[in-house]
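The same subunit A turns up in both complexes below, where it pairs with subunit B and then with subunit C.
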Partner chain A sequence: MNNTLRNRRRSLGAIFVEGDIFTKLSYVIWGLSNIVRGQIVKGCVYLGIEVAFFYYLFNSGIMNIANMITLGTNEQGMYYDESIGIYVVQQGDNSMLMLLYGVVALTVIAMALVVWVTSIRSGELARLRKVNGQKVYGVADDVVSLFDQNLVRLFLFLPLIGILIFTVVPLIYMILMAFTNYDSDHQPPGHLFNWVGLTNFKAILNTGSKLGSTFLPILGWTLIWAVVACFSCYFGGIFLAILINSKGIKLKKMWRTIFVLAMAVPAFVSLLVVSTMLGQNGIVNVLLQNWGFTSSPLPFLTNAGWARGTVIVVNLWIGIPATMLMVSGILMNIPPELYESASIDGANPVQQFVKITFPYMLQVTTPYLITNFISNINNFGVIYFLTGGAPQTLEYYKGAGKTDLLVTWLYKLTKDSNDFNLAATIGILIFIISATFSLITYARAGVTRNEEALQ
Partner chain B sequence: MKKTLALLLSVCMVIALLAGCGSSNQGSAPAGNTAGAETGGGSSAPASSNAGEVQKVSLKVWVPEEEMEITRQMADSFAAAHPEYDITFDISITGIDESVNLLETDSDTAADVFQVPSGSIVQVTNEGLLLPIGYQVDAVKALYGDGAITASSGEDGLLYGIPFSPNSFFMFYNKSLFTEDEVKSLETMLAKDLGNNANGEKIYNFSFTIHNSWYIESFFYAAGCSVFGPDGKDPTAMDWNNANGFAAGKYCIDLVNNPNYLEDQDGIAGAMMNDGRLGALCSGTWSANDIKAALGDDYAACALPTVVINGTESNLSNFADYKCYAVKASTAYPLAAQQFAEWLCNEENQKIRYEENAVTPTCLSLASDPALAEDPASAALLAQTEFAVAQPSIPQIGQYWTPVEALGTGIVHGEITEANLQQNLDAVVESVTTKLVG
Partner chain C sequence: MLKKEIIGLHRREQTIALGGYAVILLCMLLPFASVGGQSVTGFSLAARFLAGGSGGFLYVCAALLAVLQVACGVFLLFRPSVKGVRLWAALGAILTLAVTCQLFASKGCFDANGVFPGSFMVKNFGVGFWLLLLASFVSLHFAMRATKVSTGYIVLTILSVIWLFPIVWIVLTSFRGEGGYYVGYFIPKTFTLDNYKALFSANSVIPFGKWWLNTFIVASVSCVLCTLVVLMTSYCLSRLRFSGRTTLMQAMMVIGMFPGFMSMIAVYNILKGMGLSQSLGALILVNVAGAAMGYYICKGFMDTVPKAMDEAATIDGATRFTIFSKIMIPMCKPIIIYQLMTAFLAPWGDYIFPSLLMGDRQESYTVALGLKWLTDFRRINTYYTQFAAGSVLVAVPIVILFVSLQRYYVEGMAGSVKG
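Coming up: the complex of A and B.
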């Protein structure tokens, strides 16, 4: 069956031309070709799907798509009903639901197209098998094959549907929101919102506008944070791993366990606790003042510069144990003869590290570094639970603070000010940035991987 | 054997999953049989209803936990008073702080009658989620003061919530540290030297929350400034950067630098009050119980003091806030829901609420009740309500909170000084009055 399948990768046009009258008709009546060749059940299933699809299309599909284009025309209204003496609300159009149903309709049409193409190809397969005198598969054979050669299709079917419904459709829905004016002034059901094209993108990226003067500094801080957080944890982890691994340290396992315990405490619990400890009246400031080191509380979380430093330092607590574990494993893989021969040649520990350990480490952990950098761009937890994006400043708009990353600002836009279109726009921009960085770094890493490492 | 075991475990897992799927908002009423409360109504009237046919009504109500019991009683009395309805009540617990969020998330499953703070009314109305109260609205309005009605009305002047309790903040003070006359003026309070307590630690005179944009406006309104114009309806008008605003800002900066002043961060004011190290702090009825426990016999409360800004003495004037009952716009029974909301806020039920839960009433007839004057918190709250100003009821108010919070935080942490105060005030005005996109 696979042989004939591979030969059948012809275009739909070719199939149409070369098929007989039933094949041509099956472009309109799905499953006809199957039925005529003897695959009654399969053909009826295709036909049933076609009927259901067209029923949906004419019942609500076309209306949903039209509504999605206009996003509603009747605003919710209200009139005073004299007879009872109260106001009665007239339901208007709900733009949000119209957008959602439109996206669902588009998805259904896409899935129907897939079924249509499948029906044509399966009809053609049946026709060719009949023409060649081979046995045409009946429904029993198909079901058996689902558990045999085509097991993969059976297992993948439900997850695929799940991803389609719960990931792809919401994703498209929210991407489309970025092209509307669905903000705090245009909230359904009281107001309608409409398509505005690229206005949001222009407003955010325009350096002269207020949003632009907020977005660009936040973007800058996000990138700086990602770089510093990634590399500080990386080198910190390497340093710690080498330290523990070096000769003369007893109880290596105990030390490693202690540092791994830091990972066992859920990150957001430890972050909230540290946030309280570092407050103006928190325990760290109280102790420092009592011991006489300072006379007034230190602005750990309230001064912009201090807050950024604090966030980076506290992130070491979160990030180093993970790196340390991974690096420990890699360190143990480096053949010790290299070190011995190096020390015979007179290399001191620093030179050994730079020439032997580090290049090997870097080559092995490059993918990890790339992933860590990209994930730090979106490191919501550390920033939000430690500072909440504070300190607030008058230089930024829409609730952004001095330690906000793009992703925490996005969250504030959604939760506090109901500006879904701005949030969606920022989300798309974050994706573009992350994707660009990923592609660039993976391409460069792929090039260097061809060189011989360890010289 | 293994198969049956696997099957059994899967079934247990599914049951555990489904058990967790129950609604988390259902009332945890001790009376198990009415868990979440389905109070059968109406058929207390004899079956021969004389006023036409009986309408079947089903109302979903959200109340805070401490009001569950009395709300059930009020529901029963409502059903008895309205034999033309056959009402089924579904009363569940949702606090006033969560109801707006839940309503915005899914208004179809939201309650028909619920509590909202009056400050949120403009935002929720803008989203089209509240039904205006129209049934006998003039009679309803006559029950409460003008301030309460203005605070509960939307941008179009219609009443969207029925205020049943004021919620502004006032001042609690320690009777052993300040006399009743001294707490009338902030200057007097700050000038008094309270010395140290028994452990030799400094006693602070006054605590406020300047870094919170719901508190800091008291100084600016006292100086004569306003947000969005004198009637709060002009989204392009904010005068905090004029001479009065500058004076108010300078007053705040001097206040923060005053050694007798304590900024209330991380709950430090409550802790200090407990240790006897604080003379007065500003909060609302939500803290009354804790402060009463901390101060015991020295517990006292009064309206906010007067301040002298730019030579003029005036009362600190905060935003008037009220707790209101509101009706959702998509309710299936608009008339019954409104009547029930009005019922919950009428005079006798406010009295019940006050007696059971010490919730200060708003009814004008009750405000002069001598029993109220005996509770320091209620008396102080009602006294402060006279100086409070209505929060602007236009949607632009959503832009007010964050820039002003940034102003307050900057003042508290010393980044905003007299030198850069004017430009910061200009930045605040620009942020608050701006429309960012389109």
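Coming up: the complex of A and C.
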């Protein structure tokens, strides 16, 4: 990998040395080398891109980058206009847009660089073919090659542009935001915000401050939630799958469908329904009182401890069928001879599970467990639709509640209190946590898989 | 003389079950429930309800069945037959059901018939009842074991009831004639179709038909486009070798570890810059643009398709595009169905981004936004039954789709697990 990179880099310099005058000129005038060798259309496209790029760069690109560095200097406010002798409102700079346009400008420059390198290579290829007396590719040849040798370009172009615009650019923008003070007191366009370095990270990780004393408990609950939710659904699902697949059970398909129903109903529907059922006057409390189990409504979603228990139990209701469905297929793959010989040796069902089923299952499903754990750290839906993070507490920073996970807190910080810098910081911390967990487990499990080995 | 062995019958379990039913009979003589020093036994309750009284059949039925079970049990002990024990176990199941129902129905029944009026709670059940409940399950377990019927049915039945409870509730509520959120009973007093009609009536404030259609459009368009994007991306990553391939895959994995909606605000601003905010097109665009990130499962599947087929085709002069369209696509049918299905289902439950994108523009809402809007505390009391009807209308087509295509879903999941 490194080797090829180095080779390529050297060859970019080598091209300059080896190439003729047009090749050298094409480092400045993109596509010139192509035009000279007869690839008029291709060369003109490169040239057009260069013109457009530099037009953009001088027209607004450089300014955008400069603005991103300052994040605006003119604050909106009343200024004295000497010529007319009164105070007038002056539109200030919009730091948020400046940051966004700056990121866009950087992206455009990066893409232009890619085009530049491509144009040089393509010009060099054309030169070599001409020198060697081979046919120089025309437009038609290029189009044909898009369906064969260069299929990658055809297939990956649009998907990667999509990822770039709607995933990478926003992500860079938000990561940068973690290093600014774009909070509720610095809202553009009325106010400016500025670069503050690592202040946000220090504030969140400082246990003495209000923010710090919110972050740590929420992190703790997030991890507890992720572990409990992940493993309870996992073992529950395995248990259910074994139960349904066991020998004596008839109408397997019907039983499976009953549980799959819970999973097939869109999660937000079932979660909204369940949250209305569990309210103070919801049907569950009504029935429990009618049946004489309790004399006053139970605080399913309003008491911190109860609410945490409730979200875990409700998550079982959705998660167990999902695991059951996945595990069913794997269970059938376990060679039945193993069980036969085990039962001849006198192993009871529990021993068979511990010695045969579970080790097999664990080995096969480790990657699933990791992704499931990480998706539980980010399990927005269950918390948001069931409790919305409630019950809120004054111990926590602005509006965060006892069942809030880091992600739902992040959402609240962006949606309700507009503390984008804190939200971005938490996002980065979540990333660090997820990445650490997956790296550790992948390294431990030794899941280095060989793509070719599956053939 | 006891017959020792009968084919298909476990005599030991049969005897234990009979013992259990004898215990039940004894339990009926123990205090069933007691409030403030006063207590009643199971038999006295049954005797009291024998004369009539609402809900009393539970107690009469349980007492009669307990006597019957012991009598039949003794008979079967001497004249055993597989069919007989099966029937016996079935009666035992009814007894267990009746006793379990007593746990839930006792308060209502006692209050209605003036037993401990108004003061009975579940905690007032006496030792007799709890033993009875336990013994009825244990006996049923052994009675079933006696004829080699799997006792997993007991657990499955209990679990099914728990799992179906919310679903049954929402379906019943959607047909409920009485409006409102707060009702003190499970089964509606009157049934009506008005809740469904109200969703689609022209003068309704809820443009549910429009919401449903919006979601359907977004789901259909984006499922086709997303699947295409995923197929192209995974084909490149699985089959074509190009510089930067592994870097690309690693980069996508790393990017995928950031919480998705951290960057929602930025996406929203970009869409606004494009002049696309508050439109369904923007929703589709964002879905499709992110689709390539989900290449993993599909690539894993393509990795298992033998490469020899590609090589053979290449020798015959096929271009890579031909290999993709003529070999890969047909081979990947299960995973294509899986991708289509997951991409089609996603917009129905997607809430966060659409809510940011659409804001208060109700005519562009998807069902998730609309239904969430209906459960706002200011509206829930007025619209709860219509919310229920809406939920059913969203859930039914999806459930049908999901259950009928379950096989592909399982295969897709299994593929991702193996990878």
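The working rule: the second predicted complex is superposed on the first by the 421 of 455 C-alpha atoms of A that agree within 3 Å, B and C clash if a C-alpha of one lies under 4 Å from a C-alpha of the other, contacts with A are read in each partner's own complex, and residues count from 1 in each chain.
One rule holds for everything that comes next: a contact is a pair of C-beta atoms (placed from the backbone, for glycine too) under 8 Å apart; a residue touches a chain by one contact, two chains touch by 3 or more.
No experiment lies behind these values; they were computed from the predicted model shown.
Enquirer: Could you tell me if A:365 is touching subunit B, subunit C, both of them or neither one (first, second, both, neither)?
Expert: second
Enquirer: Looking at A:78, would you say it contacts subunit B, subunit C, both, or neither? Reply first, second, both or neither.
Expert: first
Enquirer: Looking at the overlay, does A:398 come into contact with subunit B only (first), subunit C only (second), both, or neither?
Expert: first
Enquirer: Counting only touches as set out at the top, which of subunit B and subunit C does A:422 meet: first, second, both, neither?
Expert: After superposing on A, A:422 lies in contact with subunit B but is clear of subunit C.
Enquirer: Under the stated touch criterion, which partner chain does A:331 make contact with: subunit B (first), subunit C (second), both, or neither?
Expert: A:331 contacts neither subunit B nor subunit C.
Enquirer: Touching A:210, do we find subunit B (first), subunit C (second), both, or neither?
Expert: first
Enquirer: Scan A:196 for contacts with subunit B and subunit C and give back first, second, both or neither.
Expert: It touches subunit B, and subunit C stays clear.
Enquirer: Determine, under the contact definition given at the top, whether A:109 touches first (subunit B), second (subunit C), both, or neither.
Expert: neither
Enquirer: Residues of subunit A touched by subunit B versus by subunit C: which partner has the larger set?
Expert: Larger number of subunit A residues touched: C.
Enquirer: Check the residue A:298 against both partner chains and state whether it touches subunit B (first), subunit C (second), both, or neither.
Expert: It touches nothing on subunit B or subunit C.
Enquirer: In the superposed view, which residues of subunit A touch subunit B and also subunit C?
Expert: Subunit A residues touching both partners: 276, 281-282.
Enquirer: Over in the complex, which subunit B residues touch subunit A? Could you list them?
Expert: Residue positions touching the partner: 104, 107, 123, 125-129, 131-132, 134-136, 158, 265-266, 268, 329-330, 334-335, 338, 395, 398, 402-403, 405-407, 409-410, 413, 415, 424, 427-428, 431, 434, 436-438.
Enquirer: What does subunit C use to touch subunit A in their complex?
Expert: 103-108, 120-122, 124, 148-150, 152-153, 155-156, 159-160, 162-164, 166-167, 169-170, 181-186, 229, 232-233, 235-236, 238, 240, 242-243, 246-247, 252, 254-255, 257-267, 269-270, 285-286, 288-293, 303-304, 306-307, 319-322, 324, 345, 348-349, 351-352, 356, 368, 371-372, 375, 380, 384, 387-388, 391, 394-395, 398-399, 402-403, 406, 409-411, 413-414, 416-419
Enquirer: Would you mind writing out the residues of subunit A in touch with subunit C in their complex?
Expert: 1, 4, 8, 96-97, 100, 147-149, 151-152, 154-156, 158-160, 162-163, 165-171, 173-174, 240, 243-244, 246-249, 255, 257-270, 272-277, 281-283, 286-287, 290-293, 295, 317, 321, 325-326, 328-330, 364-365, 367-368, 374, 378, 380-381, 384-385, 407, 410-411, 414-415, 420, 423-424, 427-428, 430-431, 434-435, 438, 449, 451, 454-455
Enquirer: Spell out the residues on subunit A that touch subunit B in their complex, using ranges where they run on.
Expert: By the definition above, subunit A touches subunit B via 76, 78, 80, 84-89, 91-92, 181, 183-185, 187-191, 196, 199-200, 203, 209-211, 276, 279-282, 299, 302-303, 390-395, 397-399, 416-418, 421-422.
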